[in-house]
Structure formats: structure tokens, C-alpha cells
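Chain naming follows the written order as A, B, C and D, and within any one chain the residues start at number 1.
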Amino acid sequence: MKAQNRNAGAAAVVLLALCAVPFLSGKFAIYLTMRIMLLGIFAVGYNLLLGQTGLLSFGHGAFYAAGAYGLGLFGAHVSTHPLLGVAVGVATAVFLALLVGYLCVRHTEIYFAMLTLACGMMAFSFFWNAREITGGDDGLIGILRAPVSLFGGIRIPIGKDGQFYFFVLFFFALSVWAAHRIRQSPFGLALAGIRENARRSEFAGVPVRRYRLAVFALSGAFAGLAGSLEALLESNARPFMAHWTHSAEPVLVSLLGGLSSLAGPLVGSAIYIAMREIIQRFTENWMLGFGIVLLVIIMGFRGGVTGTLSALFRKAAAPGEG
Amino acid sequence: MPEPLLATQKLSNHFGMVCTARDLDLRFEPGVLTSIIGPNGAGKSTLINLLTGHLPVQTGKIRFRGRDITRLPIHKRVRMGICRSFQVVNVFPELTVAQNVMIPVLARTGRGWNPVRSLTRETAVLRETEAILAMVALLPERDTPATALSHGDLRLLEVGVALAAAPTLLFLDEPTAGMNPVERARLLENIRGLARGGRTTFVVVEHDMDVVFSLSERIIVLHRGEILCDGTPGQVRTDPKVREVYLGEDVSDLFRYEEE
Amino acid sequence: MEKKGMNRRQFLKLTGTVPLVAAAGTFGGWLAFPKGLWAATPAIKGPIKIGYQAILSGTLAGYGEFHKMGAVMAIEEINAKGGIAGQKVEMEFRDSTTKADEAIKNARYFVDSWGADYLAGIDSSGQALALAPVMAQLDRPLMVTHAATEKLTEEFVFKKGVKQIFRNCMPTYNDGHAAAFIAKDFPAVKWSTVSPKYEYGFTCWKMFQDSLKGLKPSAQFVAESFAPFGTTDFRSHINTIMDARPDGLYSTEWAGELISFVRQGKEAGLFDKVKYVMFPVGAAMDVLEGLGKDMPDNIWVSARYFFQYPNSKENNDWVARFNKRWKHYPAYVSETAYSAIYAYKAAVEKAGSKDTKAVVAALEGMEMNSPAGKRVFRKEDHQAMYDVPWGKTKSDPKYPFKVMGDMKVLPAKEYFNRPPFEGPGTTPPFK
Amino acid sequence: MQSYVHVILAGLSSGMFIWLVASGLTLIFGVLGVLNFAHGSFYMLGAYCSFTVLKYLGAGYWTGLLLGPLAVCAVGFVVERFFLRHVYRIALPYQLLLTFAFVLIFDNLVKIVWGGGALSPPSLSFLGGSIPILGRNFPVYNLFIIAVGPVVALLLWALLEKTWYGRIIRASSSDREMAASLGVRVPALFTGVFVFGTWLGALGGGLAVPYVGLLTPGMGETIIIEAFIVAVIGGLGSLKGAFVGALVIGVLSAFGTRFFPAFDMALTFILMGGVLMWRPQGLFGATR
């Protein structure tokens, strides 16, 4: 109970801090915070698959891209309403995730990873080559941020970054809350069971493949949400969103932050984006700097940053309790 | 004859050149506590693996309550009421004892799909979990991760997870291996009690002959994938073929459990 | 982490300036009439900050290095002569990678965090297009120095009115249309292509076809093979072309991929079988130097600048200075980077302000001299009009690589698309 | 006919080339159980080192091919001894992340040392040139590559199946503890295998110098994905599978580029997806 209260308190503090960002910091910091939140949404959903269920996917960029293209195409041909667009983006991503998931969930481990990689790259190749629909390698450009009109004719403008920030923050908070609920739910426990021992889960009566498919689609929904928000933020949708190098990002930040907690991928996202930015201010050789930092983190913090820190806390707290 | 719980028809299985099950025709009647014995490599585990879906059936048929389940996936058999425990402990290592037991309870009650409701609100599930933990005497360890349990407690948990699926037919693969005598006695008493309760029919693979003969109403002796003998403990004890196999050919097997 | 750093820095800035202002006794006035205070300061406050980005990692990293040489040289020269309007020039150079989101992040960093007055660079067309809407928001002039897509200037600058964007390098018009003007004089009828499998490759090939059909209705297009980005093995593509037995081969492959393509084509005897070969970006220094003597002779090449043209004092001096400074011949991106800095200098000094609106107005229609010759920024689409040469590769004992012979120079206005970029009479050939 | 033969030849040479890279990857995975994402970097380093020996030190091609990969072996040794050794037991994603960090580092180091621009080697004096096959020229060097592939495969097979070292390696890969209890110095053996795998990758890089005709920082990233695909199609850890997989990928993508250009970007992935659907363990993988 105590730990729960503490976590809730920490979440409230972070939320408040995030709310304060647009009032206290410069435009670039607002922008970077938005990028961190987008990657956070992507990763926190992805970690339901990797951390909670134990499946390594290298194809989630495809769902991210599906979200972006879904919103972009819907905006170009039907309606520029951002909420509808996001909904369409998420729906597109889920649809694609169900399709890909159906083919892949029979496999596990590296074979699952390679199959999702293959599917993701097929999607990449589709977005790249279907020029009539997707604009080829240029992508969809000039996606608009129309005002959000709600029932009763209220129109909330999101055109400026300071306004759009809260649009992103809303979905970020929603995603983190949803991921938290999923982790605490019966469904989440069943997923953890599959991660721990898939065979035994079957003997517990759990239809393992169907659960895998469900969580695959669910994490695809998070990816689609992040993708559609990025399409609004950057005004474009690009094939590279589906490329495996982009699919590797949530893997990287989840590992960086720690697989076993909700906060892990979020902390990882913040570290990843902030670190690259900081390194880039000192040197053009950011790849070298970032590579070395990665090495240190993997060799030094085996359980990810959050895992190692919480282990340290536990150690520090243990003598007092004893 | 009443409808059997489970029946096999010419069930066979080969690993390469080795035959681990040959044309097995078996019937399991409701409420009859059955033991399967036989020397190492006799095909006991293979038989359980085939019946529970762990191994795909190569030839032959399996019927459960009259329904063909030969090709049914594992989780569906479990939902129909066939479950098992494992010889080597096979639980969810990083989860707590309570969570281990909760998974099959959730699956059985169909509550495992809810992605938003907090687990702490699933009161019915929690109550049932506690009942099962009490049954296997693990209630005090409910919040311990499985990896931190002693070997004996792990064995109890193994049986607990199997029981939590509330099976009609439960295969226990050497449930007491590695237990101390106290734990063993308690577990056997539980099994006896549950069997008497009538909801679950037990089929036990055991090496400890004391256990087998004191517990079972029926004993099946397997040898090289074939049924050597099938009858009451009295019939098996006096069967010359069984004596030959156990005493003449593979004596060491009788002492195997003592070495562990 | 980032967030806190920003806060602290801004806070320090504030605490640093406020006491000074207060001491001057204008604190109240500053609060009430900030403009009044600004008016008292000189029109252009220094230093002048230029944010430059180009590819510095991965297989195209060489391009970023060439950009940097040109830009650094320009800034060194300008600062040595007193800077722009008396203010020192500072540059920050960032790796754009090839990804659009990275380019956007860099641009935002330059403007919103570092406080850049002017942006330049950009190699990839996709990045340039993705940046366009962002530049309207950031409201700083951007000089594109490599990305060639005509959509940038035609659609975003001309049609959508993103006035902040300019381009001082050749767009696809030279790669597509101009190539056709050269090709029309060849006896070749059957044409083929091996080109990049992305918009740039598709667009140039289409421009080439359209113009050539307009100029020479007998032209036929018999084979096309598009190679994905990152192709290292062109042998199947070469087979496709050789099977079709064309008279002419047109290829907008560029950089390392062109090097691989030429080497492998040569091995397969492609250049013996196909008599007329055109590489619109074949005269890029990385390609010429990379291939050295292995570049076949008599191939028609061009580039967005070639160091032998124009044969003017300004250009020859510059090439010599560049060679002295970097021990390299200038690549075309070095020239465009160099000229991009000078274009800004000229515009700021003309406008007497570094305010975006004023600079944009000054750049529109501006004429400037540069190593590549006279450039004019077309008012409608902000595209620099200047002339680049085409020529046939030949050996020259003075250079360890092939250079251009039989140079032909077409006036840009003959083959550049014309506003309003829609309808008849906007694409060459013009009557 | 001419076209088909040349497409097949092009496919064979590119397939053999992928095999050279995939062989080291597969060997390391088969024995050490590590998926080495940095294998592409060894390929790149092999190419750059061979090129340096060839061009700047003025030594011949064969000297470059001999010395270049050997220099990379030292890098492989450092990577294994000081980093990978400590993470054999961690989960696959961490292995990938660790080796990915090396990819970033090596790509950047190559750019610092050799510059970002593309390097292109002078053409070979021998093994250079082309010979006509059915009236169309085919490079001699590619025929050489087509021959080198099977030779390397045979040598590997002989090493693993016919020598005492091979038996030790196979024993250690199937059961580390058992091998250790028999007195095999498993860590040293693993270092040796890793360095050998590194050498194979670097050799691929050295051979690539005249084949691709181009060196760029980042050149390892395309090839490593292809090598991964080949290794997975063949069955992870199976050298025979990698060999066959490389041939299949090489020839089919050559045909794809020639006859189904619309799919050429996705072709290898479609192939891999198809194989995994049909045989999840790959063509020659052990059933799980």
C-alpha cells in the first residue's frame, strides 16, 4: 500500500512538472519533451509485449507508421479533426497489428523477432513503393493541426506547439495510465505468466497464442497512437517510421530504462532523447559518444536504469528495516 | 459399462526408432484413483504427454467424455477438465505463490481477459486462490516469489497450480519426488481427500511403491510402451510378468528414488 | 534533464541582463516599452548565428564533410574581413543523418534553443520537404544547398507561400530537363535508365522522358531498372539494361552508388555496348575522385557545380584557395555551402537587418556573384538561376581523375520550369 | 538464355559473398549462443584495413587480404574478452543492444580514421578484367568469389568435423559444463571461436573491396541484415543452412531484381517470412 501511494505521488509530481513545462521552458525544451512523450507512448506500449509478455518484436515501426499514414490519409481525404484522425490512426495500426500478429505469434524468441522484422520491412517497402497513396519516400507532407472541436461547438486550437503540447500530454497521461492498469489487471497477470512459462500457461488453461495476439495488437495500438501524434507534431508521415531502425528504438529505450517496471521505458525514452541531444552539443561524433554510453549502461546497469536504481534503494533501505 | 472419463484407442508414439507407446487402449473411469508405474523409459511420461496434449499424437485416438480430443490444443483440454503437474518443477518462477495459483483460476473463470480491472478487486478469484493455497499448505508463503521457495514447497506449488485449474481428470507426474516424509504424507492425504470428494479423478505416476500401493485403487504397469499389467494393487503385486520386469531386469529402478 | 538545463540557462540569462538594464535606469521603460529599448540598439546585433546541417554519419557522411569545408571557409573569410554588417559570424554544424525527424529536430534546436538567424544545408529531398512546414513556424530563412526536389520550390514556396525557403543549388531541372537538351543531339533513339528507387530517381527520369519526347519525338524508352537506396550490387540492374540493347543510358545514381554502378557496369562491358551514357550528377567530386582513372571516357556528366566552370578569375581563385585550405578540389556541395553563407551576407547587408522578413525580401530577386558564376534568386519560387556545364569525361594529365571535355552550357532559363508551374508552357521545351 | 545465365551468375556471386559474412555470424551463434550484430562492423573494418594495406602501404591485394582481417581479429579479441564474455548469460535483447553499441562506435571510428567520404580501390591487375560468357562479359573476380565460397565452406566443415579442435568446439557448444568438466578451457575456446568468426567476417570485408568497389562508413549495416536473414532461413547455428540460405537469397534476389522489380526491396524479407511460416526452425535448424 505504501509503495502504491509513493508511486501515485511520484506520478502526480511528474504530471505536474510536465504541465508546467510550457510555462517555464523554452520552445525547444517543449518540443523535446513532446518527442520524449511520443517515444514514451511508443515504448510503454511496446514494453507490454517485451517486458510483460517476453516477446521481442522488431516490427513495431510498421504500426507507428500505420498510425501516421492513417491519420495523414484520413486528414487529406476525409476530415482533419485531430481526434478522429488519431482514432483512425490507432484503428489502422491495430488492424495491421492483428494481421501481422496472426502470422507471427506461433513463433517465439528470435524467430518471432525475425518474422516481425520481415513484416515490418514489408510494410516499409509498401509505404515506400505505393507512391500514389503514400507519396513514396517523400511521405505525406503538410499534415495539418486543425482545432479540436468537441460537442457543443467548443473549438480548442492546437496549431501552436504550446497548445499541441497539452494534446500530446493528454494522450501521454492516458497511455501511461492505461499501461499501468493493464499491468495490474488479470490480463496483465496472464501475460506475465506467458512470459515466465508459456507451456505451463497452456496447462493453466490460458490460450497463449490468443493472448499474445491480443497484447501484440494492444501494443500496436500504442505505436499507432504515437505515430499519429508524431504525424501531427511534425506535419508528415514517412516510410522510415516503419523501418527496422525505428522499430529498434522502443527496444532500446525499454532495455535502457528497464524492462520490469512501468517507468522503465519512460525513463529510457527521456534518457535516450536527452542524452543524444546533450552529446550532439559537444561533438559531431554523437554515434561514438552514444555507443560508449550504451556500453556503460549495459555493462554496468544490467537491469536497466530503473531496475538498478530500485535495487540500490532496496539495498540502502534494507539495514534500516532489519 | 458407464461412459469412461477418458479412453484411448490404439495410441502409439515413436521417437525415431524407439517406441514409447504401442497401440495403447486405456480407459479411465471417474473416481478411480489410478497409478501408472514402470521402469525408466517405460513410456509413463510419454503417455501423460500424449493424453494432455504436450506431445502431438502420431497415431491413435483419445476421447474425453465421448468427445474426440486427439487434436485439441492443450488449453482447450485444460478447459474441458484435463490437467497435469510436472515431474520437474515447472511453475512461473518470477511470480508470487498467489499469482502462480491465480493464473489457472483466472483462465478457468474466464476473467483473464479483463485489461483494466485491478486484480485486487477480483475478490472471488482471490478467495478461491486462498482456498487452494490453504489446501496445499502454502498460505503463509502467498507473497513469496516462486524462485525463493524451498524444493518441497515448490512441489506443493506445482500441485497447487494443477489443482487450481479444477480438473476433472488430473495427472500428477511424480508429485512427491524430493519431498521430505512429512510433506509427502500431507500431500498424499490431500490427494486422498480430494479423490474422495469425487470432483477430481487422479492418475499418478510414482516411483515410491509404498505410495503407489497404499494410494491406488488401480495400477497400470507400463513396459517399453506397452501395458504389462492393469488391475487392482493385489492383482499387480502378484503378477509374474511385473515381478520379472522389476526384479529380473531392472532392479535398480526400485531404488532410484532413494538416491535423489 | 534537457528541460532543467534550459530553465537554468534562461534564468541565468535573465538574472544577467536585468541588473544591467536596471542600472541604466531604463528598467521601467524596458518593461513598459520594450520596443523603445530595441530601437536604441543598432539594427543588427551580433553575433550572427548560422545553423548548418548535413549528413555526417553513415554511407553518405562524406557529403557533410564537403558541405562543412565550404561553409567553414566562407565564415573564416567573412570574419577575417570584419563579419556581416560588422558582426562576427558563428556557425554550428549538425549531423542531419538522412532522417526527416532528425532534420526537423536540428532546425528547431538551431532556432529555438541556439538562436540561429539563418539555416542552411540539407541533403535529402525528403528532409527538405518535411522541413518546409516547420520553417514557416520557425520563421527563419533556410537556404537549401543540396536537396534537389522541384516540389520544394514549386509547391511549398510558390504555391503554399513558405517564403522562408530558398535554394541555391541546381534542382532536378538540370538532372532531368537539361539532360534531354543534351541528349536530343545524339543519334541515340532507344533510351534506358538505372536510377534510384525513390522520388528523385523517378522524377528526373520522367522529366528526361517528357523533355526528350518534346524535343525529339522519335525517342523511345525501352528499359528502366530502379535500384533501392543502399544498393551495392548493380549486376542484375545492368543485366536488365543490356538485355534491352538500348542506344542510350541515363542514370541519376549518385555518390557511392554511382561509383559501384560504374565499376560493375564497366566489368560487364556496359559502356562498350551502350554508346551514349549520361550521369547528371556524375561530375560530383566524390565520384570523379572515387573512380579515378576507372571512370570511362566519353560519358556525359554534369553536376550542380563543377570546379572547371566558369573559367573566371573569381572561380579559379576560389578553387585555388579551397585547394590550399583543404587539400581538395571543391565538391559541388562545398560551393553551394560557401555561396549560401555569402548569399546571407549580401542579403543582410542589403536589408540592413537580420530580421527574417527583411532578409527574405532582400534575397528575392537578388543577384550575386559566386564561384559558380552569377546567381539570381527567382522571386516567385526562390530558386537560384545559374548555369552549370555538361561535358564528356576525358583524361587530363593535370588531374588524377577524369574531367569534362566538350563542355556545353545551357542557360538555366531555357530548361527551368516556369511559374506558375502548372498548365501548358511551364515546362521545357519552351517555344 | 544469356540473360538467365548472367542473372544466375550475378546471384551466385552475391550469394557466396553473403555466405562469407553469414558463416562467421552463424559459427559464433552456434557455439557461443550470441547474436552478434557487430559482425557487420567486422566486415566493414576488414574492408577498410585490407584497403589500407593495399593502397596506403602499397602492398599487393593478397597481402591486404592476409593482413587486413588479421588486424580486425585483434578488435574481435578485445570485444569478446572484455565485453561479450560477461554477457553470455543475459537475454537476447541485451546481447543485441550491446553489439549494437559496438556498431555505433565502429561506424563512427571508421569515419574519424578514414574520413566520411566513399573510398574506392584501384582496379585489380590480376583477377581483374572480365571474360565473355555467352557473349556477355563477366568479371573474373566474381568467378573467384563464386569459387572461394564453397572452399571456405569445405574448410569449415573439415575443421569442425574432422579435427580434434572441431570435436572440442562441437562438444563445448552442446554442453559447456560437460566440456569444462572434461578439462576444456571453455572461456579460452570461446574467445578463439569468436576471433575466428571475426576473421571470417573481416575476410568477407577484404574480399568485398574489389567486389563492391566502394567503402563507406556504415557499409556493414546492409550486409548484416542480409546475413541475419540468411542465417535465420538456414536455421540459426547451422553452417550448412547458412550456405544454402545464402545461395537461395542471392539467386532469388537477382531474379527478383531482374524480373519482379516491384518487390525487390521486400523480396528477401518475404522469402524469410515464407520460410519461417513453413519451417519455423529454418531449413536446416534443429527442431525445437
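Quick note on the criterion: contacts are C-beta pairs under 8 Å (C-beta built on N, C-alpha and C of every residue); 3 or more make two chains touch, one makes a residue touch a chain.
Worth saying up front: this structure is predicted, and the values here are computed from it rather than measured.
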Report summary line: Going from chain B to chain D via touching chains takes a minimum number of steps equal to 2
Query raised in the report: Remove chain A in your head; which chains still hang together?
Result: B | C, D
**Report entry** Middle chain, criterion being Cα centroid separation
**Finding:** A
Query raised in the report: Measuring between mean CA coordinates, which chain is farthest from chain C?
Result: B
Report summary line: Whole-angstrom distance, CA centroid of chain B to CA centroid of chain C, is 74
Query raised in the report: For chain A and chain C, what's the span in angstrom between their mean Cα positions?
Result: 35
**Report entry** Approximate Å spacing (C-alpha centroids) for the pair chain A, chain B
**Finding:** 42
**Report entry** Length of the line joining the C-alpha centres of chain A and chain D, rounded to whole Å
**Finding:** 33
Report summary line: So chain D residues touching two or more other chains come to 107-108, 111, 265
Report task. Give the residues of chain C that touch two or more other chains, as numbers and ranges in rising order. Result -> 56-57, 197
**Report entry** Sequence positions of chain B contacting 2 or more other chains
**Finding:** none
Query raised in the report: What chain pairs are in touch here?
Result: A-B, A-C, A-D, C-D
Query raised in the report: Residues of chain C touching chain A in their complex?
Result: 1-3, 5-7, 10, 56-57, 93-95, 99-101, 104-105, 108-109, 112-113, 125-126, 129-130, 132-134, 137, 149, 151, 160, 197-199, 202, 229
Report summary line: In the complex, the residues of chain B that touch chain A are 52-54, 73-76, 78-79, 83-84, 86, 90-95, 99, 102-104, 106-108, 111-120, 122, 125, 161-162, 164-165
Query raised in the report: For chain A, which residues are in contact with chain B within the complex?
Result: 178, 181-182, 184-190, 192-193, 196-197, 199-208, 211, 214, 218
Report summary line: Counting only contacts in the complex, chain D reaches chain A at residues 35, 83, 86-87, 90, 92-94, 96-98, 100-105, 107-109, 111-112, 225, 228-229, 232, 236, 262-263, 265-266, 269-270, 272-273, 276-277, 280-281
Query raised in the report: Can you list the chain D residues touching chain C in their complex?
Result: 3, 6-7, 10-11, 13-14, 107-108, 111, 115-120, 122-123, 129-130, 136-139, 141-142, 212-214, 216-219, 221-222, 253-255, 257-258, 261, 264-265
